[in-house]
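Note that chain A is present in both complexes that follow, paired respectively with chain B and with chain C.
Moving on, here comes the complex of A and B:
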């Protein structure tokens, strides 16, 4: 019985804060701002969702910004995921299966880049992007994000490539496939579930990134996290609207993470657990 | 030439080249460029002026009390958030490793805080802590623990701890998932043998579970410390912006203010270089652990 009491505690710890955000987003202001607040709203409403998505009397501007930010986030996170899947998967395969000089030190160096804090490279990146006129562009964000998502993906995908028996690849090459042919026709399809999982992982990381976006964007390419961070200053302290924005911005990563949890857990822990 | 390209080495280089260009172009090159900037005085408000000042920026920083105070806060933030998150994570993992109904569901759900962005996480907790309408005030009032609403984040002594709680909540799942994965690799025969020998639950935990978890916990401490320093900016930016009275100004936030608010790029570059050096100490430890402890050991 004790175990179920503990499980309930863990359940509350995990969901209570986010549930409060959801409740705040469907409450009406007077209920939310009463002392103490109504934990269960008497008149739940989806009005704020309607307003933020379609625009309302007071919120046309907010709705316009929100849509733009959603578009920017999709473009950046989507393109980063696509590029990293293509060039990251072949690099990862190469590190797993092929022997070449400098392979080990390159791999360690790639791993080490993951440790470099964003603040350590933001200044030169800012100066470089300024000189190339890439500030406040999708391309600038895309390139920057790719550089820190790639090492992560190469590292995670190595775990998947290691599980594919080398015999299968050898058999394909006996049948006349070139090395690259065997990679494209045999190995990559077998690794597809792993690649998909890694892609989802990359998408979540890119979708949620804040620091680079804060510095490198101004008006045109603000991503969702940057917009959310400005909500209180830009649109006044409207807690219902703020919560709604937070919930909406969390939907893609939360849904992806809960749906593909098995893969993501494997990806997160794969590199760290022996066999 | 063609033969070399189809050899394992040739193909190997060919396949890693695109990734290397992106990674090294956007990380290694800026890191080197950053050293160059840090040896100069660069105010963005005075374009065209870029005098060489040698190590002056570094010397100024090392003599600055604001810097050392920020470093101290960063260590406190990192130590407290990583330590508590791992202890809670260990507890949760041990529970989720037992047999109970709905175990698969709970194991999946536990990932939720990780999936939220640091921005939404920060906004959410700031709203919970709110001094006029926050859920924390409402809850404590109903429980009778406080007589009236309190402005929690206005207290310079306590503000950092509230920031840390928010960070712990978001960072706990990673610890749970790592420890849970490690727990599942411990053969149950070990526990059965210990039971036969009359070892109680505590002794089984102390002498079987804990020693076998030692490596994974060590790994977690190192990697999560690196992440905590890195992520400290987001959470501080969202909840307190360094205040009140600089009491939550961690070193990443200080570097941001110096560079992008006061536009002192040279000084900021030197500052961020020092932060990178601090993190690299952890990184070296991490690499050694990864190299010796994981399934990639043979691969590397």
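Moving on, here comes the complex of A and C:
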């Protein structure tokens, strides 16, 4: 009985903030700020959604750029995920299967890059991007995000590759596959659940990233997290518009997660036990 | 297939020429989102400037709390990403010290600035140079709700803090308001602003002329104690103040739940007259003086924002033309008419058309003598952060006022070193 109570508690703890986000997005501002607060809005409205999606006379600049920001986020997060999956899977396979000089040091070095706080490297990154003329470009964000998503993916995927018995790969090699052929035809299909889980993880990291996007983008490539923060003025935040933006921004990762749900469950447990 | 490829090729060439045609002079302006931006005012003016001069204006917006995070790396890296930047008066000392901005003396000339409010020019001057021209004259006024006071049998607004306490108690007892007022004292810059203005209203100041901290002066300590007492002893201030932003405090006032708004921004007067956002249409008045510990002392904040030109700008002439276009008398009057902001030109305070809309500007002269800007030191952001934390510790009674003051002094002295 206790276990069910805990499950319900964890479920509420996880879902309640998202419910409040949806409720806030369909409430009117005065009702949202009323004391005592209440869960069900008395006058629910989709006005903020209409404003963001279709625009209007009093639409703010942030709302007008929302669709563009969605596009930017999809381009950046999508390309980071795709490239990091390709490079990351080859790299983590190499670290798992090949024994070469400096392997351990290289692995630790990759891990060490994750320990540098973003704020400590923002000026050098800004200067590099400025000199390469990559400020406010998708490519600039793509390169920056890849620099921290890729190491994460390499480490996570190594766990999955270790679960695949090397004998299967040897059998493929004996049947005439090259090492790359065995990787593509045998290892990667077996590691698909892990790749799906890691891919979604990479997508979410790139999708939610705020700090680098804030500094490195201007108008053309502004991503969703930065744009949502702009539903505010000197005197405070526009909670209704921010919540609406939040609900819409959370849809792509949720859809992605639901689509690959089957793989994710397999993938999450797949890397837990080494073969 | 061939036809589709041809169309694609023609399209690409056309778009290439299209982009070449648009690629004339372009200036990039970075500024936070303002209350004015809700109406798209600044963007409209940028379009007018484009039509008039042919110079394209690329506006880079950022949230208020994040604009510094975005601007400072660019300035520090010597980037020419921005031709015009908006900056706050608390940044003047730092920006002058680092020589990030172009002095505007040669551009503006004596003739241009001498008709502006002198206080504004001095707020954006340092080391003998003018670094910014104000576009948003955010000066604060003490506003109150006449209906709530009259319903409680009170004939005029309070002039001192003691009168405010007494009147608040009366109207809360009469049930005409839930609380005397609400403040936007959530952890943030507004809390540091509040500490500054309360200190001035007790005759003190947080830093002396040389920039040394005077937070432990009897005036500053009394001011902080008074802020704490408003919450925990007098109980006339909405306890939600500790988690409220300035916008929330505005909404509560516009809903008619509170009677006083000690540091109201000019645009609030216009909002209060709009039934779209206000339940108190026609009930708001401006007091003859801001609140203070005695009838002779009062304090109001001056928090204007100015436009400046980074030294690295590739188009300083066009940037200045834009600043001039935004700040000239005609545009400035249009801005006041549109969003109720205070003008930056002395002459516009006597403009009949504006005075019909905003009669309280007549009291501007009286209030102006009580105005104070934020402290100007190169380490203001660190100073502000320390003040916010320790003031919050005092307000939430995690520390006593004496402990919070002692820790504030220690931290500020460490920053100074």
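Of note:
We adopt the following convention: the second predicted complex is superposed on the first by the 216 of 275 C-alpha atoms of A that agree within 3 Å, B and C clash if a C-alpha of one lies under 4 Å from a C-alpha of the other, contacts with A are read in each partner's own complex, and residues count from 1 in each chain.
What we mean here is this: a contact is a pair of C-beta atoms (placed from the backbone, for glycine too) under 8 Å apart; a residue touches a chain by one contact, two chains touch by 3 or more.
Only a predicted model underlies this, so the values are computations on that prediction, with no experimental measurement involved.
In the superposition on chain A, A:61 makes contact with chain C only, while chain B stays out of contact range. When the two complexes are overlaid on their common chain A, residue A:108 makes contact with chain B while staying clear of chain C. Judged by the touch definition given at the top, the superposed model places A:215 against both chain B and chain C. When the two structures are aligned on the shared chain, A:204 is found in touch with chain B, with no touch to chain C. Of the two partner chains, chain B is the only one that A:4 touches; chain C does not reach it. With both complexes superposed, B is the one of chain B and chain C in contact with more chain A residues.
In the overlay built on the shared chain, the residue A:229 is in contact with chain B and with chain C.
Applying the stated contact rule after C-alpha superposition, one finds that A:123 touches each of chain B and chain C. The interface of chain A with chain B overlaps its interface with chain C at residues 33, 35, 122-123, 127, 211, 214-215, 229. Within the complex formed with chain A, the residues of chain C that make contact are 28, 32-35, 37-40, 43, 58-66, 69-70, 73-74, 76-77, 79, 81, 138, 184, 240, 245-248, 250-252, 255, 265. Put simply, chain A touches chain C in their complex at residues 29-30, 33, 35, 58, 60-62, 122-123, 126-127, 130, 135, 211, 214-215, 218-219, 229-230, 232-237. Across the interface of their complex, chain A is touched by residues 6, 8-9, 11-13, 15-16, 18-20, 22-23, 25-31, 33-34, 37, 92, 95-96, 98, 100, 102, 106-120, 123-125, 127-128, 130, 132-133, 135, 137-139, 141-142, 149, 169, 174, 177-178, 181-182, 185, 216, 219, 223, 226, 229-230, 233-234, 237-238, 252, 255-256, 259-260, 265, 268-269, 272-273, 275-276, 279-280, 282-283, 286-287, 290-291, 293-296, 299-300 of chain B. Considering their complex, residues 3-4, 6-7, 10-11, 13-15, 17-18, 20-21, 24, 32-33, 35-37, 39, 87-88, 90-91, 93-96, 98-101, 103-104, 106-113, 115-125, 127-128, 143-144, 146-148, 150-151, 154, 158-159, 162, 178-180, 204, 207-211, 214-215, 224-226, 228-229, 231, 239, 242-243, 246, 249-250, 253-254, 256-258, 261-262, 264-265, 268-269, 271-275 of chain A touch chain B.
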